[in-house]
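This report concerns only the one structure given below.
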Amino acid sequence: MNTLAEPPSQQFHSDANRSSTDAPRRAAVRRALSNYQTARNRTGATFTDWKSARASAATIKHEALNHLDRYLEEFEQKFTARGGQVYWASDSKQARDYILELAKKNNVRAIVKSKAMTGEEIHLNQALLAEGYGVVESDLGEYIQQLKGEPPYHFVFPCMHLRRDEISDLFHRELGTAKTDNPEELTMIARRVLRRAYVEADMGISGGNFIVADTGMISITENEGNARLTVGLPKIHVALIGIEKVVPRLADLALFLPMLATAGTGQHMTGYNSMYGGPRQTGEIDGPEEFHVVFLDNHRTRLLADPEQRDALHCIRCGACLNVCPIFKNIGGHSYGTTYQGPIGSVITPHFRGLEDWKHLSGASSLCGACTETCPVGIDIHHHLLHNRRNAAAQKPAKGEQLLWKAFSFLMKRPSLYRFAMKFAPLGGLLHPLVQGTPMDPVAGWTGSRDFPAAPLGSFRERFRAHNAAKQSAAHTGGAR
Amino acid sequence: MISHQGDREAILGRVKEALREPAPLKHPAERSAGGEPTTAHFREWLPPVGAAIEERLDLFRKLSETLRSELIACASVREAAAEIASLASAGGWKTLALHQGELVDALLPLLPASLTILPLQSGYDKDQLEACDAGLTECDLLVAQTGSVCVTSKNSGGRVLSVLPPHHIVIARTGQLVTDLTEAYQSLAAKYRDGYPSMISFITGPSRTGDIERILVLGAHGPKRLTILLLP
Amino acid sequence: MRVTLFIPCFIDSLYPNVGMSMVHVLERLGHTVEFPEEQTCCGQPPFNSGYWDEARSVASKQIDVFKDAEVVISGSGSCGAMFKVFYPELFHGHAREVDAKALSSKTWEFSEFLVTKLGVADLGARFEGRATFHDGCHGLRELGTKQAPRELLKHVKGLDLVEMTEAETCCGFGGTFAVKYPQISTAMAEVKCNSICETKADYVISNDSSCLMQIGGWLNRNVGSVKCLHLAEVLASR
């Protein structure tokens, strides 16, 4: 999958091409998502007005992002007053080093982790394992992916591409359990392993869905209860969160929690929505002695600095845009080669990891807009794909392609030349020599898998002219009679 | 103590610099007179809840069913104790973990003598708690709009009693049922004016996962069952 | 009313019958149909590829061409969306922003023009067969056209309209995307066409010829029996 030597765009091309012809896998992914849309529509319909709720969510996120400095400081002040500690990490390495240092300082032996895409983003597990710490992913899907040695396939449904027999084989191989095709039995196998992990861990690492400024809390949304246990039992809790996850007020969650659930899974509320405002307080019987929040920038400020696309940071990572994306469904999550897959990943990855290397993701879209339609916080996702394409072309135009479009616009600005060209050669034929033999060659690209329409007799303009002439002469003869 | 804060100043500097040019608001919501988007506004766009207590109860009951929470109305503490006793004998429980609280304290003397009680007073042994058959807690609120039980580290026996044992039993009063999440947050804000507990958690049904082929399985980690005993 | 047709380049050269059907439908309703011969292409191909300067110069030309039009009717939801939604964005902060917005506000997608603007649904059309409707993405999501074509088709005598499960799923055309990423595009076409075939329809109808080129291209190669028709062709038949 991730062959290091290959540039991302080449890897994408070959992986996407392979997976889009992998019929069984595509079918499995479609099957896994088949109930999602129904559930989501049903739950969405219980809202008095989903669109207005969405506009509110967009407005609140806009407010949060456009005063991000103020809200981060407010969080910090409230959170540290309650004994929490905030660490600000500019990049992956700084975040990793801080967490490693914490582990060392506290003689940590075992670490349990609940789902955190930021952890994937900074390759935290690899760093911890390299230093000899045992790390167990506690979310079932993440656990399966960890056993499999594969990154998550989808940032909300990490192992949605796997069939039960594959998971059974994996458990059999890695854990020595008996084979079964019953999802419940498979879940119980993981349950037994993971319950021990919580009890034994001395450090729990989580992500966070929201940073709540006015009360200095982080909020975690999950269905399984694994995050509750991850941050409840070990003596140190580290939450690694992107700085964009802010909401101004605790009361705003009354909107965001139901919207996240509805868009994410079609539930009206996710199983556990928990807000944590510090380590164990006086009078409480348990909870971690230390609670560290690590704010991760890692180029988020680069995206923030682009007012046109700033709203891409409104994302609450519900995964809805992946669930409805026909590209995602056909090429699968791994082809992207990114931490954040699907439409939103294609929008933000170029900002996080470089436009030149990741612009191809914005190109690999039919711009159908299903993502934008579904997004609960109103991000114009597919328009941002267009913005990325424009920025990429401006930054480093592809020579052949630029020439093609220059020729194209030259032709299209000259109606008489255009008419002349259309008369003697179909449009494609005229431009074809420019790209023949290149990967841009439309004829080869098209006819490999699809037929081309048969050329009609005469263009529309010719027929319209004839039609008008016939009408006129009819009127003429009519008038003469 | 804050040992060090990393790149605090650098990041805040970058944020401020980035925000020099404002971003357009492409999908504006209605705003209050003060120009701030109002939180009151979204409330009316969320799933509606009836105003009367019966309507709230009906919705809570309906959602509990969908969520596979077991909602049992009990006329008295004695009846609630009897429910626990029958759950205990049906489930073959040996140990029940619980915490101190007004309702739990009232229940305690009425519970079957055969049941070993693990009280979480000032701490507990993790292994012992992990081995319990059920956990009994009180809660702060019930939310009609979402069918949720709101527990806190202060009033529900800490952070994990409500999520580690395989069966979670909540004892609550009907008066604790609020309409929606907005009211829940208002009520929490009023109650904890002097400081929130370190954890507030809205529990909506028993632990669940859909990670294998998106097929629903209950009890991924903690409670396979959630029973709510509702007193008048 | 004086209506001005915008016939995108590929309808002009590949699907002239679609344009002529629009002419017939509109003339039967008593409107005067104009077709300024100076029009060429909306500029979507370079726009979608990121070459906005080139797109702007083509677009600017079209703004001139349609300057005096009362209403502009597009037979392709996609090209209509280019005028209506993307021109204002393309010219945002540029000299011709006002002109772009003016063109945007008088542009109509064909079915929407008939149903919403003119308020007609029954065109007295007759067409025998079982058909399913494909929502072109740009018409559906940029222009919000969903009911209008169905409203029109409901009144076509002899037509048995059945919905497919994937009606709103992208066919995978996406302009240059179809040739830049042929495998992905084809996989998408396959999903779409399987859904069409499930309905046992004889025809797939759409308000966007570009989608039909993709769908037809796949169906012809792999199935052969289902025919593609533009909405206007169905409405013009009697």
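Letters are used for the chains, namely A, B and C, taken in the order the chains are written, and counting of residues starts over at 1 for each.
One rule holds for everything that comes next: a contact is a pair of C-beta atoms (placed from the backbone, for glycine too) under 8 Å apart; a residue touches a chain by one contact, two chains touch by 3 or more.
Computed from a predicted model, the values in this text were never measured in an experiment.
If the chains shown are joined wherever they touch, the resulting network is a simple chain of contacts running from one end to the other without closing.
Greatest centre-to-centre distance from chain B is found for C, with centres as Cα means. Centre-to-centre, using mean CA coordinates, chain A is 29 Å away from chain B. Each chain gets a centre from the mean of its Cα atoms; for chain B and chain C, those two points are 51 Å apart. For the pair chain A and chain C, the distance between C-alpha centroids works out to 30 Å. Residues 2-8, 10-12, 14-19, 21-31, 36-37, 39, 41-48, 63, 99, 120-124, 126-127, 130, 145-148, 153-154, 157-160, 163-164, 180-182, 184-186, 189, 195-215, 217, 219-223 of chain B are the ones touching chain A in the complex.
Put simply, chain A touches chain B in their complex at residues 28, 31-33, 35-36, 46-50, 52-60, 62-63, 65-69, 72-73, 80, 82, 85-90, 94, 98, 138-141, 144, 157-160, 162-164, 167, 183-184, 186-188, 190-191, 194-195, 198-199, 215, 217, 223-226, 228-229, 231-233, 243, 249-255, 257-258, 265, 267-281, 283-287, 291, 295, 297, 301-302, 304-305, 307-308, 310-311, 378, 380. For chain C in complex with chain A, the touching residues are 7, 9-20, 23, 35, 37-41, 43, 45-52, 54-55, 57-58, 61, 89, 137-138, 141-142, 168-170, 172-189, 191, 213-214, 216-218, 220-221. Contact residues on chain A toward chain C in their complex (touch as defined above): 16-17, 20-21, 26, 30, 326-327, 329-331, 363-370, 372-373, 383, 386, 388-394, 397, 401-402, 405-406, 408-409, 411-413, 415, 418-419, 422, 426-427, 439-442, 445-446, 448-453, 455-456, 458-464, 467.
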